[in-house]
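Each of the next two complexes has chain A plus one other chain: chain B in the first, chain C in the second.
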Partner chain A sequence: MKELLISSLLGISVLLFDLLRLRRAILPLVAAGLIALVAVVVVDWGTASNPFGNNMMLMDGYALASIGILALLTLFWFAITSDSYPAQSRRTDLYALVLFSMTGAVVLVSYTNLVMMFLGIEILSIPLYVLVSSDRQNPLSNEAGFKYFFLGAVASAILLFGIALVYGATGTFDFTELGAAVSASTSNLMLKAGIAMMLAGFAFKVSAAPFHFWTPDVYQGSPTTVTAYMSSVVKAGAFLALFRLCTGPFSAVMDGFTDMLAFLAALTLVVSNLMAAVQTNVKRMLAFSSISHAGFLLAGVMTGGETGPGILLYYSLTYGIASITSFAVLHVVSSYQNGAMEYDAFRGLVRRNPFLAGAMTIALLSMAGIPPMAGFMAKYFIISGIISTDMVWLAVLMVLTSVVGMYYYLRVIIAMFTPVENAGRIMLRGLQHYTYILLSLLMIILFFASGFFEVLNF
Partner chain B sequence: MITEYLFWFLAFVSVFGGVATILSRNPVHSVLYLILTFFAIAGHYLLLNAQFLAAVHVIVYAGAIMVLFLYVIMMLNLNRLDAEKRTLIGKVTSAVSAGLLLLVMVGVARGGSEAGEAPAESIDAGLVENLGQVLYRDFLLPFEMASVLFLGAMVGAVFLSKKELNS
Partner chain C sequence: MERLVTLIPLFPLAGFLYITFLSKGLSRSFVGTVGAGAILLSFVASVLVFSTQLHGEPVVVKVFDWITAGSFEVDFAFLVDPLSTIYLLFITGVAFLIHVYSAGYMHDDEGFNRFFAYLNLFVFFMLILVLGDSYLTMFVGWEGVGLCSYMLIGFWYKDMRNNDAAKKAFIVNRIGDLGFILGMVLVFIYCGTLSFGELYIMDTAISGLHGEVATAAAILLFVGAMGKSAQIPLHTWLPDAMAGPTPVSALIHAATMVTAGIYMVARSSQLFQMSETASAVVVIAGLLTSLLGATIALTQNDIKKVLAYSTVSQLGFMFVALGMGAYTIAVFHVITHAFFKALLFLGSGSVIHAMGGEQDIRRMGGLKSHMPVTYWTFLIGTIAICGIFPFAGFFSKDQILAHALEHNIPVFALLMLASMGTAFYMFRMFYLTFHGHFRGSHEQEHHLHESPRVMTIPLVVLAVLSTVGGFIGFPHAIGESIGIHHWLDHFLENTVVMSYSTLSAGSEVILAVVAMAAAAVMIWYAFSVYVKKGTRALEDDEVESQAHRLLANKYWFDELYDATIRRPADALSGWLSRLVEPRMIDGAVEGSGRLTRWSGEAVRTIQNGSLTTYLLAIIAGVILMLIWLN
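This part shows the complex of A and B:
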């Protein structure tokens, strides 16, 4: 309850602060609020939690850990993009929208009722449609907003249709009753069709192939800072919600959907990596790379079991940090090159700003899964989890597609270390250096702290 | 018995209206067919003892939203939709994806059993009083969270339509 109150009140107070002409205090307020959210999670950790709102939500260990990770990722996002928006009222609206969207993610990781789940998806999505088209002078951003809005509405409709069919089959939205009704009638036609449609709706929201067609255009068209938010907090929230659904009320029938999820994951991995390899635009390449990580996370959802939640949380956190860092670097670099985002824009970055080059190198190596970075452990956990569920072919496919991934990540790194003549330096303002250093260190520290997540037990 | 006939009649009307909405060349006809569909769905609500919902459905959808649709069509002068060129590849792609969706649904449905009989609802389940009890007692938290959703949507609408301050 406290977590939900803090996150939704934070968005409203940002709007109030703007109204009271306290614009300078908004960033400190947001930072304090997000830190308070993490603190509440730490204080509540391990205490027995009761469902609230008439069994609508439950702040169990999984929900608390997820909220902690979402709050941390949002905090990092604010720290790293704080200088990207000029201090004016537009910025306040953007911040409020981001915080509302995060509230949706908080609902999505702690719901115990399908009504709450759908509300969470919508609270997460609707501010995003606006954020994506927030660069109003740019036709690409408008196009991205329109595409995302219309396709997102169709996906929500399919999800809602699925929820309606599940309700028709079981007569309840509540997780406990739903779990009992599902295990009592595992072969019910209406129930299975409903779950399939819900999975399709989620596959769109998490951009798994073949529901991924919106992702490259939307990620490329939206302002780079918004892309950073979408690929970290939004992606993590949607996957954590899907995991809560699959391991919660639907766990009794999930065996029947393993093939479907495995097919989605395999297709996602192959399509995204092959498409990413042929891109010339780094932002588009990172968008396809984000789809390929959705393939890994989908496999993580299938793993389930005792260690499943810890693995999924670990992957969400490490990928979130790496993608926030890489999109933030891309934003800074392209803003010094008249918006150019080709591989060439990164040439000689190590001379122009060693901090940016170092952070980008670590982030890309983490996404590629090279040992001293946290991304390696994340991929290792998921692959070993998949092997233990006897799907060796999927594990082999993951390793093979990771090799393809290595190619396009290394292209950026090679470009950064290619010397160029008389390139101007890139200056960073304020606390940004420290943020980049902190995030780079985290990506290495998390590698050694991975054992903590593996034994995380709920 | 009569309710069953009524159900099949309303089902036919709503599906017919839905199909005619997307097949009509003239947007105004589309809107009129959509209104027909909404009325048929309101009839379904009545059959399900949801009287209040039926009334609200007619007022909000068939009334307010459809009037808005008609206004937009008239203001943009869309009353003749030019037959847009559909390429062969577009047709093939849409047919293939719709077929794939059917394939997935058939695959899921394979070997499943039919749903059982739905429990009968009491006759006054859809009255305002009972609906209010459900909305403000059982589903109070979703009701309150919806306000966050609407606030977000409102801020977004203002944000997108506001003038640039420094241009």
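This part shows the complex of A and C:
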């Protein structure tokens, strides 16, 4: 309850501060709020919690850990993009929208009722439609916003249709009752069709193929900082919600969907990596890379088991950090090059600002899955989980597509270390500078701390 | 105690990190103090840990979970038992003295900080090697010391020959490492663990190995030891390794790293005890190596090369002892050898320092009067290595000979031969260096001086150790009759397999007298040739006798390897790089790249930005998923 209150009140306070002309205090307020959120998670950790709101939500261990990770990622996002908007009132609106969207994610990791789940998805998504099209001067941004809204509405409809079918088959929205009803009627076709449609709706939100087509266009059209937020917090929230659903009330029938999910994951991995390899625009490449990580996360949802939640959380955190870092670097670099986002824009970055180049290198290597970056352990956990569920073909495919990934990630790194004449230096403000260092270190520290996540028990 | 053990390797690691990253702009004396101080702290900690082992039980100190993959679990743990603690003691002790010495020796070198950083890193890995509770942990140290050895041999990297020597050491060691790895795998497959505690201390898991598998595992591990401890046929890298700075030769290539092979075999004594074949292989390799080293050393004129071959030969002695089951005696010889060989190397460094970098003993002579401390300490080291009572080398070498006499007369005879060769080449070098007239240039003669205190004090300490160090292992029979027991045997008796000598006190005395007499004859012979007659050593182009040429060219081992391994390998690589690489490998790599891009372009046509297409894909996806249900 406290977690939900803090995150929603935080968004409202931002608007209030703006009204009271306290704009300078907004960033410290957000930071304090998010840190408080993490602190509450730490304090509540391990204490028994009761469902609230008529069994609508439950702050169990999984929810707390997820909220902690979401809050941390949001905090990193605020720290690293703190300088990216000119000081005008628009920024406050965007901050409030981001916080509202995060509140949706908080709901999504702690729901115990399908109605709350749907509400969470919408709270998460609606602010995003605005955020995506927030670069009003840019037609691409407007187009992206419209596309996302339109396709998102369709996906919500499919999801809602799925929920309705599940309700029709079981007569309840509540997790506990739903779980009992599902295990009583595992072969009910209406139930299975409902679950399939809900999975399709989620596949859209997490951008798994063939529901991913919006992702590159929207990621590219949005302001880069918004893209950074979408690919980290939003993606993590959607996956954690899906995992809660699959391992919770639907766990009795999930075996019947394993092949389907494996197929979706495989398709996602192949399509995204092939597409990423042919891009010339780094932002679009990173968008496809984000889809390819959705393939990995989808496989992570399938493996489940005792270590399942820990692995999924670990993957979300490491990928989130790498993704925030890479999009933030891209934002800085392109803003120094009149908005250019081609591979060439990165040439000579190591001379222009070694910290940016270093952070970008670590982030890309982490995404490529090269030790000693955390991304390696994340991929390792998921691949070994897949092998232990006897889907070796999928594991092989994951490794192969990771090799393709190496190609497009390394292209950026090579460009950064290619010398270039007369490159001006890129200056960073203190907070941003330290955030890059912190995130780079985290990507390496998490590699060594991976054992902690593996043994997380809920 | 557990924290203390963990600290032992951490001090040098901290020293390494500090010197590498934070020493910019600091004075040399400060960096030297940090480097040596880190080792001194380790030494103090080692003494404390050692004292707990005097009357304690072996302890396994787990540092952290290292590898957990399925059924394969390895902890990063340290094993504290008598064997590892006694190694700790002499490694940190000798290393400290050599660090102090280096502060003087390397004072004018531009790579001073780098040198101390590497040296600290080396000690760190050496301590990991010795403390590791499993073959795998040991292997980490094993590879780490190999890396440091590589970096320090090629320390003066501007001279290409040094780099070549470094590469040679690294590559030859790779061959040994392969054996080590295969041996480890074999042990793991049959015993299910690599931990020394489970294998040897508890004595349970090792029972999984027997018969031919035990032989294979032991021989493979021994191949690893051969590489690190320079045994035939993998000995060729050690003499070349003298390209590194002299303190490095003293620390790494004489006192500590090259004896890692002996440590490993002694650790695995139960395993080697299971296989007579493997033990025989160890004896033969050791015997051949000791003879080879002793004979080649007879004709070498580079002061460090003589010592290098002497090291090769002494390592051979140690392996003979191991092969005969006298594990404690081998360890004993490792310790005494560490004292006197470090002393000799540091003494040679002092000479080289005085000679302005000259290493050829044909250009020396008469240094006695110029550098008295170096002279007297060097003399002690030389007597010690020749095995004269009561110096350290006498005790350990005498007991190796005693074991040989008991087990195998031919082995004994050949060892005596090698031992006599040792006495001759050592005193040949000694007389050529310190007696007679100075044969170098006037400039060099003018420059001759005793080394500074910081270098001579370690020499004196090592000389004292070389004098009294042997008393930790007083011969059994004699000792019992006069009331001194063999402390080292007693200390190690529960750690490694024991083999007590059954010789009576009388035969021990006779053996000692005979061995010393033989050495004395050779010393007198060297004296008469090089001092009385004043014979000088031949210049390279004056060598005529075929036998001399064979020795001077080190039995043509390098040439043999060049012809049989390097050239065919070169030819094969050339063929691969001309034909296989461009056509098959590049073709496959570039082909798969092209295929990826082509399929990417193909998929791209759907990603056309049109909402209707996207919507169609979503609907198709949902329909597909619904069809899948049936």
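Following the convention adopted for this analysis, the second predicted complex is superposed on the first by the 458 of 458 C-alpha atoms of A that agree within 3 Å, B and C clash if a C-alpha of one lies under 4 Å from a C-alpha of the other, contacts with A are read in each partner's own complex, and residues count from 1 in each chain.
We adopt the following convention: a residue touches a chain if its C-beta (ideal position, glycine included) is under 8 Å from a C-beta of that chain, and two chains touch if they have at least 3 such contacts.
Worth saying up front: this structure is predicted, and the values here are computed from it rather than measured.
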| item | value |
| --- | --- |
| Joint occupancy of chain A by chain B and chain C, clash or fit | clash |
| Touching partner for A:Asp93 - first (chain B), second (chain C), both, neither | first |
| First, second, both or neither for A:Phe150, with chain B first and chain C second | second |
| Contacts of A:Pro371 with chain B and chain C, given as first, second, both or neither | neither |
| Which partner, chain B or chain C, touches more chain A residues | B |
| Partner chain in contact with A:Leu15 - chain B first, chain C second, else both or neither | first |
| Contacts of A:Phe211 with chain B and chain C, given as first, second, both or neither | second |
| Which of chain B and chain C A:Lys192 touches, first, second, both or neither | both |
| Partner chain(s) touched by A:Pro28 [first = chain B, second = chain C, both, neither] | neither |
| Steric overlap of chain B with chain C in the superposed model, located at which of 22-30, 58-66, 76-84 or 94-102 | 94-102 |
| Residues of chain A that lie at the interface with chain B and also at the interface with chain C | 189, 192-193, 196, 200, 210, 260 |
| Complex contact set, residues of chain C against chain A | 65, 593, 596-597, 599-601, 603-604, 606-607, 609, 611, 613-615, 617-618, 620-622, 624-626, 628-629 |
| Complex contact set, residues of chain A against chain B | 8, 11-12, 15, 52-54, 56-57, 86, 88-90, 93-94, 96-97, 100-101, 103-104, 107, 113, 115-116, 119, 122-123, 126-127, 129-130, 133-134, 136, 168-169, 171, 185, 187-193, 195-196, 200, 210, 260 |
| For the chain A and chain C complex, residues of the former touching the latter | 147, 150-151, 154-155, 158, 189, 192-193, 196-197, 199-200, 203-204, 210-211, 213-214, 216-217, 256, 259-260, 271, 274-278, 404, 407, 451 |
| Chain B to chain A touching residues, read off their complex | 100, 104-105, 108-109, 111-116, 118-119, 137-142, 145-146, 148-149, 151-153, 155-160, 162, 164-166 |
